[in-house]
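Only one structure is covered here, and it is reproduced in the block below.
Note that the chains take the letters A, B, C and D in the order they are written out, and that residue 1 is the start of every chain.
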């Protein structure tokens, strides 16, 4: 585990983008990346999109989403992939052939598909204030789970309802790469920004391995890079860094 | 995680040796291996020693022990390194400059030293019927521990007493690379032989991640190879392999 | 470049096999190997076949031939792949899905196909007394050639005629991965045995880079391992090793 | 070989910097880079220096110069390292412990030193209109040379005289990593900008391997990335890219 602390959100966005570009440039043959939606990567994708747009020398880079909240009706693509398209794939002009959608129909093949494609070179993860990453929330998946379906109880439906204008479309379940699927990537890159992440970063980095903090397991990975801005890092024991 | 099942102890010994030789031959520059003492590797070292003895083309291979039970008096080298010398370093004629001893005096530098040396390319692990590996026994280390000192209570002293002819030499503590130190290696190779390991292999491979089974954490590593003979594999769910 | 000198043909065969097994065991995901036919590898394949036969844990290993002398009529598979089947694929029971045949019909796609498959992890090469490797003989390919077709003049037809009982089947051309195709592999392993290879090994290792010695270019590769028995190494400048 | 064509010098500088940053971020353990002085990298170092300055998370990155033109008197550091300090090490605040100077006193140990340090992860190269790279000019080194000393004839002294205010300081020789030293790096990154490089880029990329064009050998490397702006790429056969 390596903790990189940068000044602010802008630096965080740039350094995270440099990590992804580094993965892309590491090899001429196929490179596989799983990337995150959400709010943390907005700045990073703004930085990254123009570096990628129209660059045919990046045709070897393949993208995977690692979780999905489907629409109940199934009439449109889910929340995660829609976000990724809006934030990155569309502005960066990533060709469809390089986008490998995980959804409610194919989630049971996700791990085998990634293995057959050569494995993930890197996975970029955000983290929630409750210690979740991907769709691995406290009380949902176990550390030993691969990609799986998670049933939504009422609390979860409430939690995800903000994604849906039409509340009829709130689904009964979502799908996510589980902890073992994530840990199978060769490089984990986790980033967090802002004071509201300071407590969970301290817990995740300095605390014990427990199901209650899903992201706590990630520090057992041999190649985990954590990128934080000063606000998110402010509670860390400086002697340990 | 990949589970390799071979017929018997002889095959196990050979396939484990082939894995280690593969690590040695992967690169011309320095290769770092942490290897295990104990009874499981006896056959493997018998196979390996003549392949290594007198081979100056293996001068780039460096060895580390991952735990040590010292003598109380400190008058001689500890149990683990003595075993490794007897089983492998001596018959294989490994030059002293390629042997990096972990002991009670330098254990606090072990993780930094390995990092500075470029990290471990592979670590070869045995497993106990109680799920321990290295000196990580149930009730001793936590998943988050790096290399550490473990105090020996009376039960532990009893357990290790067989190693000491002179019972005055039973130590108050031992040292071991902790779970995080082990998980930091780029490749974990764990092997087990015989019916008496069948139950723990089922628990370790199919069970949950728990401190009570220290080796359960190992399956979260992105590159774990488990080598078993048929007897040790006989309780495994064949559909999962 | 690293030169490994072993005692005799038997050791050479074993050490070469250990290198290939090491490549197979380096990763759980797909591994791509190009391997050689001819007389040098006979002992190696005898050693290797039982290690591979019936081992479903080697299902991720894919094989490529790097040259082919087709039959004029095209009524049967060519000389190289037939040799490889007889020496290795058949005795080792390698499933057809793991064998990627290069022949006169698909040679123009060979480089792209290998790139799309992730690139060659290793290529095992023999060497002729004239410095040829694969079908790169003096006066045929240029260093800059990728996989290509080589026309057979009368001298070449004479040279390859021993492969054909029915002399009507001697072809007008053969196909081969060219120097650049070979140099694109991540690891080159070249082996040679016997006194009749001593002169070319000295020339190849110690001499200049010249089209007249096709194998001379190989020493510019960042990861070339040369395995020789003492007879093949006997003319080498010992100070340089 | 992969050829990346970008719009202009500014893009070239940024993409080259992204490649170097990618190398730095590929691993937490030591990373070794050999980098170029001269005019092509000026824009890149301007981009790179602020990304590196004051970043203790880049303490694992080590730098090597690959050639040196010493002062005759030996009273000050040579031309190349002085340039690198001015262009990059000083503005980026790279600590002295991470700078590994090649000079006239230690050039004979350069290859062994780099090997002992784990090998070069990447080397960034410029190219001259005559096809030279590092100090490998037409008529100086052979493809088979490792790091070596090159005597300066009158023409060479004339050529390098612009570097010296005091003409008494023009040396009789310079030192350079030779073709084999360079080819031993795991990743070659070569960049060129401007119309005055268009002809040599065509020759280097599309022409044959010849001593007269020293850089022609580089395309035999399994991992060569060439970064060009449109002006430098304008003569290339577009069908081949």
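Going forward, a residue touches a chain if its C-beta (ideal position, glycine included) is under 8 Å from a C-beta of that chain, and two chains touch if they have at least 3 such contacts.
Here the structure is a predicted model, which means the values were calculated and not measured.
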item: Set of chains whose contacts include both subunit D and subunit B; value: A, C
item: Copy pair subunit B, subunit C: interface residue numbering same or different (half cut); value: same
item: Winner on C-beta contact pairs when A-B is weighed against A-C; value: A-B
item: Subunit A and subunit B, separation of their C-alpha mean positions in angstrom; value: 34
item: Subunit B and subunit C, separation of their C-alpha mean positions in angstrom; value: 37
item: Approximate Å spacing (C-alpha centroids) for the pair subunit A, subunit C; value: 43
item: Two or more partner chains touched - positions in subunit B; value: 28, 223
item: Graph class of chain-chain contacts, one of line, ring, star, complete, other; value: complete
item: Touching residues (chain side subunit A, partner subunit D) in the complex; value: 2, 4-5, 14, 18-19, 21-28, 51, 57, 223, 225
item: Touch list for subunit A against partner subunit C, complex; value: 28-30, 115-116, 118-119
item: Complex contacts: residues of subunit D adjacent to subunit C; value: 142-144, 179-180, 183-186, 207-209, 217, 219-223
